[in-house]
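Across the two complexes that follow, chain A remains constant while its partner is chain B and subsequently chain C.
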Partner chain A sequence: MGADPVSPKYIARSPAIAARKLGEEMVIMSAADSTLFTLNEVATVIWQAADGSTPLSEIVENKVCGEFEVEPEVAYRDAEGLVKELAGHGILLVSDQPIAGTAPQRQENP
Partner chain B sequence: MSLMQQLNEKAQRLGIPLSAHLDITYRCNERCEHCYLEHDDKGEMTTAEIRGVLDQLADAGVFFLIISGGEPLLRRDCFDILAYGRSLLFNVKLKTNAVLIREAEARRLKALGVEQVQISVYSYRPEVHDGITKLPGSLRRTLSAVRFLKSQGLKVTLANVLMRQNMFDAAGTQALAAELGVSYTLDPTITPMMDGHTGILSMRAPREMLREVFRDPNYVGNVEEFCAPPPSADDEVLEGTPCSAGHTAIYITPYADVYPCVQFPLPSGNLRRQKFIDIWRDSPELNEVRSIRAHDLPTCSSCTHLSNCTRCPGLAFMEGNMRGPSTADCEKAFVRTGIPTANMVAKARTGGSAGRRPAVSGLVQIRA
Partner chain C sequence: MTVTTADHQVAIEIGGVPIRLHTSDPGFVQMLEDRYAGFLSPSAHPQFEFDVDLVAPTGTSPDDDVDVRVDHGRWFLRRGDFHAEWDPESGRGRVRHSPSPYAIDSVLRIVHTILLAKQGGFLLHSASAVRGGRAFLFSGLSGAGKTTISRLAPADVALLTDEVSYVRRDGGGYRAFGTPFAGELARVGENVSAPIAAVYLLAKGRENRMDPVAPAEAGQRLLRNVLFFAQEPDLVKRVFEAACEFVARVPVYRLTFFPDGRVWELIR
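Now for the complex of A and B:
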């Protein structure tokens, strides 16, 4: 998968955000600087799975590759890019250890 | 097109209420002369009822949540409501007079992740501000709160309403906002009371003052552009809808009544008897509001100003016809450009009654 099995990467939604699903996209606003983001369908799947306890490699394998037709290496590379960007804006937390205290999951709409 | 505009367009296309304004009380510790509310408690929603409403709003797709009043902090459960809203991942904006905010409250708002606090300030001079709020010491306490909120790193906006009582203080109040390092808005809109009474409209700033504001780049940006004659209306304008009220935005009273907007008191349902999603999707009133296009407006569709008019359908409704003109917006269009509106011309011809029906008696704030 391209992930380093020795040091898994854990990701968690920051509690300092507002988020809601609008159609297939996720709308997110950072409480820190009011920057508004929209995530596409694939990025939304990763975002929703960012529970702080599931390694990124597992999210990509089970959620992304399980639902979308994409090569695992490509999916993992893209996921790492997304994680880096969202972490840079402070709306996603990244650690090599499981993370406690993530934002809740209530983001869906009918 | 900005990301925000794209979101609004998408929400309208999908029929999703992107924003909701929830007044959790009409009670207030100030008695502002221009206020449109009756402050007695007529049976506010309980904490549990409000939590239920917030659950329903989140399920319906609401992202932006305004918590306001009255003075929302008069409710002992205000912070519980804010915390519950944040747990549902709303983007929360609090509208308050801030009189009850000290350091501890400011710290708590920051910890909750409230995105913005909008505070009513009517003048930089205590005698003017306190004269409007009828609460001695209110400016001092409000500004103290602004400093507490700023020290916590919260985004603060001073919201001023231009009226006769403070019309010479707008610039000084803007300078005060700059000194405090916070944003500033100036709104010349005085609305009728929610029960339909119009006495407070006499407080609207006179035309000369509005003209001065509309020629000030601090408020309008590019004056030449802002005051230019309007472009002619094309098909897109004629097929357009007036604003987000009832389309992507909704208003809920402390008594669970649902209106298209706080400025559009058209009773459209009640959350004590109906589910929000059923009101949002099936209310005949909301569907009527949504059905109106610019070409349906009997007077305004032929007006020179149609393409960039700020006509508020709620103010028009309070004048007696949601498809009619809003006199206050006609005034703004005229003051901006010097060109009379179709409504003004028709009134001049008929002696003042054109395009209007008698005010309806059903403009009630409370429904049993």
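Now for the complex of A and C:
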């Protein structure tokens, strides 16, 4: 894996968004400026697992590599890119410590 | 000395919600009665009432940005050509604007977007029509073909609007209502309603064809066409949820159409 075991990365969904899984994709809206994002299937898995307490490396290993045919190094690199982009839009929180107090988002299909 | 001001009033019922407007100007009432003919409901008990103060035109434009915010349950609606305050709890509000129909039309639209957001509905930038007891919505930005498809509607179709559709939750589904909010067709919709059977995302082309749209794309496209003006985060989230719930329950298609009457053969 490309993860640095010394400084794990934790990710959590921002409470300032609304999200809904439609089909296999996640649609997310920033409540701040109503910008819309659609996550593909892999990104949706990472998003759903972003509970603030599971390290990104573990999410990639267990969720992404467990469900999709992808090399761990490639998966982690792609996940880091995704996390950076979503964090840049303020819809994902990133820390080197576990993140507490983020509200769970409704994600179920009807 | 006591000065009494004559109270002239008109009740406009859209989407089953009667709103009564009070003014001292009988000419303004007459203008509203002409503009909203078919949506007047003089005997209905109004859910909301607004006092309308007409002021001299200020030279500001209806194209100015609109500012809609809530403070302790009281809504403030502002644009260059109007200023309104509204307390949904008491059901009363006040509007100050120049005697143009566009200002009060916008106030009504905004009030309905707020009411609908609380109920899981929304106003959608789309034409809509009823055929065979079922409603069909035709969504798209300006130029997509809303006016064209409305104009092409055959005689057995009741046009609800060519510009702004009124969508309300109705049990496990949704119902579309006619609106007086007209677009280029300049024709007030019919004041009827029907359960919504489908939404068509319009695109002009060389042939008539209908393709299903994946739910996530449908949600995004729909949200881009939902009319909502308030920045209040909780209501914005509710509008998002409403649109997502809608596309999860109502089929959405991309309707590519050649602009002649044959396209309506697909819409039944």
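Please note the rule applied: the second predicted complex is superposed on the first by the 107 of 110 C-alpha atoms of A that agree within 3 Å, B and C clash if a C-alpha of one lies under 4 Å from a C-alpha of the other, contacts with A are read in each partner's own complex, and residues count from 1 in each chain.
In the analysis below, a contact is a pair of C-beta atoms (placed from the backbone, for glycine too) under 8 Å apart; a residue touches a chain by one contact, two chains touch by 3 or more.
None of the values given here were measured: they were computed from a predicted structure.
Engineer: On chain A, do chain B and chain C fit together or clash when superposed?
Structural biologist: clash
Engineer: In the superposed arrangement, does chain B or chain C reach more residues of chain A?
Structural biologist: With both complexes superposed on chain A, more residues of chain A are touched by B.
Engineer: Please work out whether A:31 is in contact with chain B alone, chain C alone, both, or neither, and reply first, second, both or neither.
Structural biologist: both
Engineer: Is A:16 contacted by the first partner chain B, the second partner chain C, both or neither?
Structural biologist: Both chain B and chain C are touched by A:16.
Engineer: So, does A:65 touch the first partner chain B, the second partner chain C, both, or neither?
Structural biologist: So A:65 meets neither chain B nor chain C here.
Engineer: First (chain B), second (chain C), both or neither: which does A:94 touch?
Structural biologist: Neither partner.
Engineer: What part of chain A is shared between its chain B contacts and its chain C contacts?
Structural biologist: On chain A, the overlap between the chain B and chain C contacts is residues 16, 18, 20, 22-23, 25, 27, 29, 31, 34, 36, 38, 106, 109-110.
Engineer: Can you name the residues of chain A that touch chain C in the complex?
Structural biologist: 16, 18, 20, 22-27, 29, 31-32, 34, 36, 38, 106, 109-110
Engineer: Name, in rising order, each residue of chain A that touches chain B in their complex.
Structural biologist: 15-23, 25, 27, 29, 31, 34, 36, 38, 103-104, 106-110
Engineer: So in the complex, which bits of chain C are touching chain A?
Structural biologist: Going by the criterion above, the answer is residues 214-220, 223-224, 233, 236-237, 240-241, 244-245, 247-249.
Engineer: What does chain B use to touch chain A in their complex?
Structural biologist: My answer: residues 3-4, 6-7, 10-11, 14, 16, 18, 58-63, 87-92, 113-116, 155, 277.
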